[in-house]
Amino acid sequence: MTAYTVQQLADLVAGTVEGDASRRVEGVASVDRAGPTDLTFVMNQRNARRLRQGAAAACLVTPDLDLDANGTVCIRVANPELAFTRILDVFHPEQPSDPGIHPTAIVGRGTRIGSGASVGPYVTIGDNSVIGEGSQIGPHTHIDDDVVIGQDCRVGPGCTILHDTRVGDRVRLYAGVRLGVDGFGYTPGADGLTRIPQVGRCLIDDDVEIGANSTVDRGALGDTVVGRGTKIDNLVHVAHNVTIGEGCIVVAQVGIAGSVEVGAGSQLGGQAGIAGHLTIGPGARIGAQAGVIGDVPAAAVYSGYPARPHREALRASAGSLRLHEVLRRLSELERRLEGEGE
Amino acid sequence: MTAYTVQQLADLVAGTVEGDASRRVEGVASVDRAGPTDLTFVMNQRNARRLRQGAAAACLVTPDLDLDANGTVCIRVANPELAFTRILDVFHPEQPSDPGIHPTAIVGRGTRIGSGASVGPYVTIGDNSVIGEGSQIGPHTHIDDDVVIGQDCRVGPGCTILHDTRVGDRVRLYAGVRLGVDGFGYTPGADGLTRIPQVGRCLIDDDVEIGANSTVDRGALGDTVVGRGTKIDNLVHVAHNVTIGEGCIVVAQVGIAGSVEVGAGSQLGGQAGIAGHLTIGPGARIGAQAGVIGDVPAAAVYSGYPARPHREALRASAGSLRLHEVLRRLSELERRLEGEGE
Amino acid sequence: MTAYTVQQLADLVAGTVEGDASRRVEGVASVDRAGPTDLTFVMNQRNARRLRQGAAAACLVTPDLDLDANGTVCIRVANPELAFTRILDVFHPEQPSDPGIHPTAIVGRGTRIGSGASVGPYVTIGDNSVIGEGSQIGPHTHIDDDVVIGQDCRVGPGCTILHDTRVGDRVRLYAGVRLGVDGFGYTPGADGLTRIPQVGRCLIDDDVEIGANSTVDRGALGDTVVGRGTKIDNLVHVAHNVTIGEGCIVVAQVGIAGSVEVGAGSQLGGQAGIAGHLTIGPGARIGAQAGVIGDVPAAAVYSGYPARPHREALRASAGSLRLHEVLRRLSELERRLEGEGE
């Protein structure tokens, strides 16, 4: 088992030790599960109280939080969660796949696999594609013709990346992600609905992550774009010609209809739906399950169905609970006026 | 690069040229991105205005639309979008897979593969199944025993088609579709919930398309049926014993509970949910995110939760914004009546 | 074709025959489709009426239901549906896969495959994992390092089970299930959102079933847990550190956010969403599409958005339809008071 002194860990995150810097740390844990050889972290007084009842080896804590820690050694840092994340990597380093192309992988003509890249068992890659240096392609993933995957990506298992898709560097596509699927476009023809060929592309920028079983359609004519650093959760649907800006957070089961533009830094809550051709302004926050059927201004907070400013939605929701009372009071007034009229 | 004259393209769609019919077209693009060698289309005056600022080679346009196109050649047709779709196929023909059975595909006893069909790498097919002529089965797809797939289908990559499923002709199943999965049926037994064996089938008619990662359960006793020409988007759930009629549109993330009947020509908006055992009349339109908990008449337009006629839903929604005002006016009336009573 | 006498089937389920016990039964069917050689069942008078118009060979029926069955033989049992389920297994026994490891399966070092287990074509299993006796792993499934799968499980096709996941006995994971995927955890860093390593596990207890294309994330630090006998439908999302108790029912497309605790015996309706860090009390029932943003007491019935006690939600919903009327009556009162004031 790997172990570190509190001082070694503090040095990693440029923290200041209060207490026995030579104490031995063997693992990491949340504040309510930390044992005598674990490092943990607290962000606020409420969490700090849970620590008092525990007995961690050491605790990452903000510079000014008052920690009555019963002998737990403190490491003071500006952002304890970020520091903890850094130390998590030390105790739980990711297991890289073996570099090289597995003998069962099928790689097409003209496809280049970068140095240090790993192509797993039963992967299929078409012609004229590129897998960047250090990228890892998990088992049963299919990559089509003319796809470009950047460096240090992690793809799969079981992903599908269709032709002409572009994926940047350090992108993570979790199990079952489908990129560049035909969008949902039909037009009434003589013989029922006629499929509109979907000839655009799917462009995924650097540092994007996409959760398990999520789907991103290719563009119909133009492209579907997911901006740099955007994080998408599981089972999300991104339709054709959507543009998602940089640094957005898209929580599980969100659905974004065709040609929507989501501004940079927006957050879409779980199961929210955005109707087609709308614009979500930069920095907007859309509540979970919200149904957005109109444009949302920059930095606005919207919720409910139909989605509206969160304060209005709350007021309408609270009011709906008082409808019974309204009807009673109204009837009472009517009765009194009737009485007077007699 | 393939290029055509405007006249050649007009002939393809039986259109009439206004302007230089010999002009050269090298590609297709949407109206706001069309360049000097692109063909585009406009359906109405609003789009036409966007063209004026562009500089397309040629534009498909309705017979009567007034197009001040700054030198763009017009091709007049009854339905510009449909004509455009036809021409898209010319510039972006689908790449068929190579016919034949890939050496890594595993095909069971008694299974017949039609002529011109393509069975991709690492496909597994059970016993006594049929793959129709010209159908293409993508990599990592699993087809079970006793499955019938019609002609000219496109399946996969990564699909699962379980035993006894029937798929018609010209069906497209996108990546990760699961057909014929056991339905969600349990009954309380002595030892907790007991699984009810799901012994019905999953029947997909001609010209159906099903989007990425969607699931269609097999019937419990009877069958689950998707009618001819129906189009289903990504991440849709169709439960056991559902019947969807012909020519329906089912948008992404819709959920249809067990034994629902959806009439022909219905449209279900994204993320809508239909509770079990209900009937949606033919030609009904269900709004996005609607929660349907009662039958919907033919040709009705329903929305909201619980779903009701769209006009009522709109009125209720608008009214909820006025609750604050209602409470204020009510209190004012009560105050005045109190005052009079003194 | 296998056939049984009514008496043989009655013996299987400890039922009492009324009528010709020697009658031949060749299959099973629902009450509205049963033919002259089929066994069916009815649970109540309403279904019984549908039988009268049919002509089943025999019918499972409760001890006291009055069945005017036109010659259909009755088998009286306490729970006809449960008895029917038992007989379904007789007519439609599940086809087990051939035991053994398919030559195309890839099995890592130190991995043990139990006796009678079946590992299908193109399955990949990492190092130091265990597949229990009699378990069946379907094609294209990937099982990572250090995974334990219990006995008599059915997994796949096309599932992904990531490292350190524990799966109990008799568990069924339908096509495309993803277990132990990284949870959705990020913290703002200097360079945008920084991924928080997800180092917890995913623990699935005995007799759990998980529907097609559903995803269960691994814990961030602690574990994600699904309790014994819980049944999860298709396209469900279970986030990191969720705990679901025993014997719960989670219907299709439900989303459960991080660190939620769902009490034993709870039922979550289709497309319902539970916000993070909440507690759903044991035996609670959450309506379809409900949006839960606060704790739910034990045995409570909640619905709507935001979810509240079902009766309140119904009242608010009914009231919202009367808002138009409220406004009209209010204006009328105001007019009358104005008139009096003159």
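We just call them A, B and C in the order they show up, numbering each chain from 1.
The working rule: a contact is a pair of C-beta atoms (placed from the backbone, for glycine too) under 8 Å apart; a residue touches a chain by one contact, two chains touch by 3 or more.
All values derive from a computational prediction rather than experimental measurement.
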Set of chains whose contacts include both chain C and chain B: A
Proportion of interface numbers common to chain A and chain C (over half same, under half different): different
Chain centre separation (chain A, chain C; CA means) in Å: 26
Multi-chain contact sites of chain A, meaning residues that touch two or more partners: 122, 140, 158, 176, 213, 235, 253, 271, 305, 317, 320, 323, 326, 330, 333, 337
Partner chain C, residues of chain A touching it in the complex: 28-30, 33, 79, 81-82, 85, 88-89, 91-92, 94-95, 104, 120-122, 138-140, 157-158, 172, 174-176, 207, 209, 211-213, 228-229, 231, 233-235, 246-247, 249, 251-253, 270-271, 288-289, 304-305, 317, 320-321, 323-324, 326-327, 330, 333-334, 337
List of chain B residues in touch with chain C within their complex: 106, 122, 124, 140, 142, 145, 158, 160, 162-163, 176, 178, 181-182, 184, 186-189, 192-197, 199, 213, 215, 217, 220-222, 235, 237, 239, 253, 255, 257, 271, 273, 275, 291, 293, 305-306, 308, 312, 315-317, 319-320, 322-323, 326, 329-330, 333, 336-337
